[in-house]
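Both of the next two complexes hold chain A, though its partner changes from chain B to chain C.
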Partner chain A sequence: MSKIGTIFLKEFKGYFLSPMAYVIITVFLLIGGFFFYVMISHFSMVSFQLAQYGYPESEININDMVLRPFSMNLSLILLMVIPMITMRLVAEERKSGTAELLLTAPVSPWHVILGKFLAAVGMIGVLALLSFAYPLICLLIGDPDPGPMLTSVLGLFLLGSAFVSCGLLASAASENQIVAAVATFGFLLLLWVVNWASIVTEGTLSNVLEYLSVLSHYEEFAKGIIDTKHIVFLLSLIFFPLFLSAQLLAARHGR
Partner chain B sequence: MIDVKDLHKRFGEVEALHGVNFCVQRHEILGFLGPNAAGKTTTMRILTGFLSPDEGSVSVAGYHIPGQSMDVRRSIGYLPENVTLYTEMTARAFLEYMAALKEVPKERRHAALDSVIERCEIGSVQHRLIKGLSKGYRQRIGLAQAIVHDPKVVILDEPTVGLDPKQIHEVRKLIKELGRDHTVILCSHILSEVGATCDRIAIIHQGTVVAQDTTQGLISRMEGALPVKLEVRGPEDDVRAFLNALQNTELVTLTADDQGINVAELRIPAEPLFRERLVQAIVEQGWGLRSLLPSGTSLEDVFLELTREERQ
Partner chain C sequence: MRKIARYVSVIGVVALAVGLLLSMIPSVSSSVPDLLVILGVVFLVAWPLSSLLTLKRSQARVFFGSATLGMGMLLVLVILVLLNVLGARYTLRWDVTRSGRFSLSQQTKRVLASLPEKVQVLAFFPEGEGQDARDLLTEYAASSRRFFFQFTDPDRHPEKALEYKIRDYGAMVFTMGTRHERVTSATENDFTSALARLMSEETTWVRFLTGHGERRVEEEDKEGLSQLAALLQDEGYRTEETLLLRDGLPSVSDVLLIAGATTPLLPTEMDSLLAFVRRGGNLFVCLEPHPGPGLEGLLRPWGVEPRSDVILDASGIGSLFGMSEVVPLVAHYEENHAITQHFSAATFFPLCRSLSLADSLPQGIEATCIATTSEASWGETGSLDAPEISFEPGMDTEGPLCVLAAISWDRSDLGDTSSAIPGRMVVAGDIDFASNGFLRISANGDLFMNCLSWLAQREELIGIRPKEVRGGAMMLSAQAARSIFYLVVLVMPGAVLLPGLIVWLRRR
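This part shows the complex of A and B:
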């Protein structure tokens, strides 16, 4: 247990010892801020116009017009940022040779995988916390329902963790960081859009494709719904790649 | 302390190890000698649990591979070939990380770090980033992490590569000290290094151990054959015939240039008076004797001999 903590701390600090963490946080907040600015401007424009024509203001609400689409946008930024956070986790150690130090120390594959996973999840935690600033601004200027705000942060965090888990698997499988990043990105994007095919398929296949799409699960969180079905889906998307990564290390190094 | 039995390892088409056997006694320094690509590093990686053997077994300090990899790794300190460290960390932070992974208890960690930092003489750079340190310091930091948990066995894979002569001297001194209370395996292809520091030597060639004995034992195997280099001015054919006719002597090579100078390499009996008699005989032929030099160290010769035999 303490070894997981040791690896976690070293990896997490590692993000901040290089420019990486700062660049990722900046990019994430900059793009997030841009989306937020556009949406909130659009929202205020629409509410002005409605007020001019005498419609009651309650016809539109800030949750539906700003916060929900904004959460969807944030998750899309995560989709692009996470491969860059996870690509180095194992691949870099393999390439540079430090894997030989790490794996000849008395640590088990699970220590390594969980320590590294938690470090990247820590980064996602930092991003999720910082992105909470935007909903807080809504709280200052409008009157949003705080429920969906909290559930969408939870959803964002779970979704990010599932993405990290997939990215870690790619990094454990490859020695090349770019390969790991591209494979992760491709896989996540496919998982994102796989339900588009449900339009042209029927019956069970259509349902399966719909179920596999992370987007549809995450959408529910953004709406303010916490359903065990979606939590179970995201948790299994976290656990399964972690399990495979640990097995991969174990098989390669004869544990 | 270490017992390696019949290791086999294959990477795709290449058979890296086929039947590696050797053992190391407690508090002994074993030199693991072999040409490049002979299987030294692969063997060490199996010993340290980084790779798993296809066949065969390893026992270290009473624990076995396959099966007890975790316990084996606890008993070993390992300095890999081409030491790569976490360059973004300071030397001390790096050692602390390794100490934590190697289960040095928290309350003893500080003292353990101080002790290895002093032993490896890296005190002056302990708070600097590894990124900016020279090869010599990196090597010593690598050595420090190998012994930070006071392991029973220390495995060093080419620890002096890339060091300057002064640093090489210091590292060798450190290895000798380690031999007092650790069991050490020193991998190298530098013969003088192994000869100077090790109690016993195992020679690996093309994936199998071709000899293991004390340094003296290996040299005495070759006794009776002292390699010398001879330079004589005289007719080539006569010189060749003369040298071939010498008793107990083997002519290895002979080359002649256009000024009638013959350079010959031969093995002569090690008895003390033989060289004097050879000189006399050559002079009596009326040829010009330009030089007669013992060539190469004896250990080098053993090494070349053993690794050549195997090839045929």
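This part shows the complex of A and C:
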């Protein structure tokens, strides 16, 4: 455990010793903040209009009109920033030749992969925690339902971790960081839209494609639903790429 | 090889992105984007494989040579797939919302548990709409392995809309075996009622009264009701003409329709009808213009008095649809009544009598005017053949005028404790709006069907109350909006960027 901890600390600190983490978090907060401002302003405008025409307040809801679509937007921003977080994890070590050094140390590929994975997940944790500021603002100015706020953050964290795991595999498979980032983005985008094909397919294939879409799993967290089905899917999506990465690393270095 | 492998992923992403973008442009043939998407997927899948091929010979031997490793990977994949199959089949689900708004009622769960076979729901919504319906259908599908749903955009798939005779957005067709049920509002009550109806062996009969010059269901001319009968059968009703003196009174679960009687009913028939209504029978009365067949005696106890007039509409809006003044346009509906609560489309009532509703009614009776004409209309009492027709104060009735009234009564208040089912009646000042000539014009058919499903108590079978959702409107002052903008767009990202700059400067 201490070996994983050591690698985790080295990697996690590494993010903050370079401008990398700050740029990623700034981009995340800037785009997220802009979306949030637009949505909350629009909601306020609709509230005004409803009051003006005498419609009951219950016609609209801050959770449905702001927090839920905003959670979906945040996950889309994650899709864009995660390749930047994960691209260097293994590829950089291979490029600079430190991978050999690392693997000649008394650590197993699993230690390396888990340490690096946890460091990137740590970054996702920071993003998820910071994203909690937006619902808190809603809580200060309105009366949102706190349940979906918490499940959204949980969902965002699990989704981010699954994305990280896929990115880590791409980084382990390539020594070029740009290729790793582009491949991660492409694969995640594919996971995002795979259910579109379910419209033109029928039967089991359609159900499988719908199931493979990360969006349909995350959507329920944003609603305020915790379903073991989605947790099992996201945990599988975390574990399998991690497993492949560890195998790949082991194979490359003859372990 | 290594170089090729490196760019395979880039080509894959580009092909996928271009394919997806092209698929959004309607004018582009669908085969090109499809081909690009397939190419993108193939390249993206090929990339990790090609990466493996770039392994050095000795590495490859280790990677591929070890059967144990390959088997191990396959085993892990199989275990994960199995876990997911089981995970999707046996789920635990928690709704953490404040009011449990996504939790289904016990009644719904019981109905879902008793589904004898697969139920498929086809929801007709434009792309990206119908979130409430999707949320609710997701809960139904999560509760039953026999419940499936699919969203279809009627603009992109007009053939599906045509197959199910869908003319409006937001319609959902529940199908079980060969039976269909159509639902137009996304409430748990309506969905569960539809399921209960699908499972029920009983069919609601709509019986058309005959023998008094009523419009006939077999008549196919513009005054006939053949199209109405066909529409009713499409909606799962069964239709039959009935002669009271010969066939007796229908069952109280049926709907009796008086489609524009032109000769008076016999006193015994009137007594029978009154008895039918008092027993809880559902009556739909559509009147002909003055002089009517004396149905006033039947309607008066329920607070509805048809006036001896014909509504004229001088607003001119009807002319946009090719209608004259004697075809008033109706676009104002009672929002708080089940029949018209989600209804907003225009309807036309040719040669319609206006209805007057009594100010005070016996306890337990509730009469509501659910559709009214515009303010530019009036009830003309004079002859329509006069060379000049205009509103005459004192003689004519000023608009807006009521054309459709819904009456319900609590039977226990009327001294009948034999059943808890409330009695219901709908009165229309006109029959032409449902005739072949006008049924398909604008939303006339939909309004008629809404009335009928309310009469048949289709929506009230279950009685699940909608969940209250708190957290409504929120109005920001200009100052508060500005503060939020500064906080989320400037302060928060800035607070992170600043230490980043310091780190960057230090490193330099």
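Here is the rule we go by: the second predicted complex is superposed on the first by the 255 of 255 C-alpha atoms of A that agree within 3 Å, B and C clash if a C-alpha of one lies under 4 Å from a C-alpha of the other, contacts with A are read in each partner's own complex, and residues count from 1 in each chain.
Quick note on the criterion: a contact is a pair of C-beta atoms (placed from the backbone, for glycine too) under 8 Å apart; a residue touches a chain by one contact, two chains touch by 3 or more.
Given the structure is predicted, the values throughout are model-derived calculations rather than measurements.
Novice: Specify the outcome, clash or fit, for chain B and chain C once both structures are aligned onto chain A.
Specialist: Result for chain B and chain C: fit.
Novice: What is the contact status of A:Leu29 with respect to chain B (first) and chain C (second): first, second, both, or neither?
Specialist: Only chain C is touched by A:Leu29; chain B is not.
Novice: If you stack the two complexes on chain A, which partner ends up touching A:Ser96: first (chain B), second (chain C), both, or neither?
Specialist: first
Novice: Should A:Leu17 be classified as contacting the first partner (chain B), the second (chain C), both, or neither?
Specialist: Both partners, chain B and chain C.
Novice: What's your read, chain B or chain C touching more residues of chain A?
Specialist: C
Novice: A:Val193 contacts which: chain B (first), chain C (second), both, neither?
Specialist: second
Novice: So, A:Ser47: does it touch chain B (first), chain C (second), both, or neither?
Specialist: second
Novice: With the superposition applied, I'd like the minimum CA-CA separation between chain B and chain C in Å.
Specialist: Across the overlay, chain B reaches chain C at a minimum of 5 Å between C-alpha atoms.
Novice: After overlaying the two complexes on chain A, where does the chain B footprint on chain A coincide with the chain C footprint?
Specialist: Dual-contact residues (chain A): 17-18, 254.
Novice: Write out the stretch or stretches of chain B touching chain A in their complex.
Specialist: Chain B residues touching chain A: 45, 48-53, 65-66, 69-71, 73-74, 76, 78, 80, 82, 84-86, 88-89, 97-98, 100-103, 145.
Novice: Please give the residue numbers of chain A that touch chain B in the complex, ascending.
Specialist: 2-3, 6-7, 10, 14, 17-18, 96-98, 100-108, 253-255
Novice: Along chain C, where are the residues that touch chain A in the complex?
Specialist: Chain C residues touching chain A: 6-7, 9-10, 12-13, 16-17, 20, 40-41, 44, 47-48, 51-52, 55, 58-59, 62-63, 69, 72-73, 76-77, 80, 83-84, 87-88, 91-99, 102, 131, 135, 138, 142, 468-476, 480-481, 484-485, 487-489, 492-493, 496-497, 499-501, 503-504, 507.
Novice: Which residues of chain A touch chain C in their complex?
Specialist: Of all residues in chain A, those touching chain C are 16-19, 21-23, 25-27, 29-30, 32-34, 36-37, 40-41, 43-44, 46-48, 50-51, 56-64, 130, 133-134, 137, 141-148, 150-151, 169-170, 173-174, 176, 179, 182-183, 185-187, 189-190, 193, 211, 220, 223-229, 231-233, 236, 239-240, 243-244, 247-248, 251-252, 254.
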